[in-house]
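One chain, chain A, appears in both complexes that follow, with chain B as partner in the first and chain C in the second.
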Partner chain A sequence: MKNRLKVLRAERDWSQAELAGRLDVSRQAVNAIETGKHDPSLPLAFRIARLFDMKIEEIFDDGEAA
Partner chain B sequence: MILQKNAQIGPGEARLRKRRRNQIVFLAIAGMIGGLIGFATGAFDQGDGNLFAGDWERLKLPPALALGLVVLLLIGFVAMPIYGFGKIDDYKREHNFIGFTGGCLAVLAGFPVWAALYAGGFAPPPHAFGIFALAYVAMLASFLFARWRL
Partner chain C sequence: MPYRPRGFSTGIFTADEQDRSFAYVALWAGLPACIVLLASLHFGKIAVLTPVCSGMVVGSLIGLVLSWSNDEFVRTQIAFAANWALTFAGIILLFEVVPSLNDRAPDQRWTLAIMATIFHAALAWRRWRDR
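For the complex of A and B:
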């Protein structure tokens, strides 16, 4: 699944560690999500969306949108 | 110096550092329990065996110590992993689940395969420690595969 996490993080000048701490996950998890190796759970996707004050579908793209 | 460094980092990094510290404490406690089990079996063994080697049947312990070891083993092999699963994130939990699945499949397939090999005269009869070792090694290999490839 594609996502804009890396861009959103860079816009705020946050390191992966900073974002990981704010989301209460490991830095490895942030890296895996950014590189598309791991899809976050729904609760984590909601936490990410709330942190960036965006909708989930504005951050994640499963390629199925019309 | 450390205070100055902490003042420069964001709230997220500070929280992550605390998370890492907790993980180190968790691992240290697990290591201490492992060391305690190793010390108890090594220092008080009245036979000539080892709990985590093929000659476990020659291990002989005082009954009270044996019961104490059971408690420590249940803490180390059941309680702490379950507690740890609740503390790690989804990504690491997935790695652990893959590891445990690998260990479970190794036993489910390993025992009948080993029994068939024994029946055909290719291997010694299946034994408890062999099955334990099979599960442990398969779990570790599956975890490492998940950790580095997924």
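For the complex of A and C:
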């Protein structure tokens, strides 16, 4: 699943470790989400959305047209 | 780095990013430790290496219960590896329950060591795939 996590993180000048700390996950998990190797669970997706003050759909794109 | 009192004395059990990353990295030691363990079973005890590696393998498996330091991403990888290890366990169980196959069932130590190796090998493969 495509996502804008890396871009959003870069805009705030956060490292992967820093973002991981804010989301209560490991740095490896952040890297996997950014590279599309892992899709976050719903609770984690909500935490990500709240952290960036955006909707989940504005961060993640499953590629299916509405 | 300031001292951060944690653990039973303070009642603070929450893992931070460093703990999770360390737990992730530490599990990499499981596969080489398993290989040394298998070698020890075949060739005999290897000085200090055998007990150390045996302890690492045992600790890596028992430590999985301590999921407080593993996030969902790591748990997904562990579940994948555990599935393969359990499949092997099922095959061994087949050898044990089918009378005609009883004689071919491997020794318990070998069975458990191979099962641990399969777990760590599957975990390493999954991590390599997810890199």
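Following the convention adopted for this analysis, the second predicted complex is superposed on the first by the 65 of 66 C-alpha atoms of A that agree within 3 Å, B and C clash if a C-alpha of one lies under 4 Å from a C-alpha of the other, contacts with A are read in each partner's own complex, and residues count from 1 in each chain.
Keep in mind that, in the parts below, a contact is a pair of C-beta atoms (placed from the backbone, for glycine too) under 8 Å apart; a residue touches a chain by one contact, two chains touch by 3 or more.
Note that this is a predicted model, so its numbers are computed, not measured.
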Exercise. Would you mind checking whether chain B and chain C clash or fit side by side on chain A after the superposition?
Key: clash
Quiz item: Between chain B and chain C, which makes contact with more of the residues in chain A?
Solution: B
Quiz item: Touching A:32 in the superposition: chain B (first), chain C (second), both, neither?
Solution: both
Exercise. Would you sort A:24 into first (chain B), second (chain C), both or neither based on which partner it touches?
Key: both
Quiz item: So, does A:45 touch the first partner chain B, the second partner chain C, both, or neither?
Solution: neither
Quiz item: Touching A:59 in the superposition: chain B (first), chain C (second), both, neither?
Solution: neither
Quiz item: Of the partners chain B and chain C, which touch A:5 in the superposed model: first, second, both, neither?
Solution: neither
Quiz item: So, does A:15 touch the first partner chain B, the second partner chain C, both, or neither?
Solution: first
Self-check item: Common interface residues of chain A - those touching chain B in one complex and chain C in the other
Solution: 17, 20-21, 24-29, 32-33, 37-38, 40-41, 44
Self-check item: Complex contact set, residues of chain A against chain C
Solution: 17, 20-21, 24-29, 32-33, 37-38, 40-41, 44
Quiz item: Which chain A residues qualify as touching chain B in the complex?
Solution: 14-15, 17-29, 32-33, 37-38, 40-41, 44
Quiz item: In the complex of these two chains, what residues of chain B are touching chain A?
Solution: 9-17, 19, 88-92, 94, 150
Self-check item: Parts of chain C lying in touch with chain A, wherever the complex brings them together
Solution: 16-17, 20-21, 23-24, 71-74, 76, 129-131
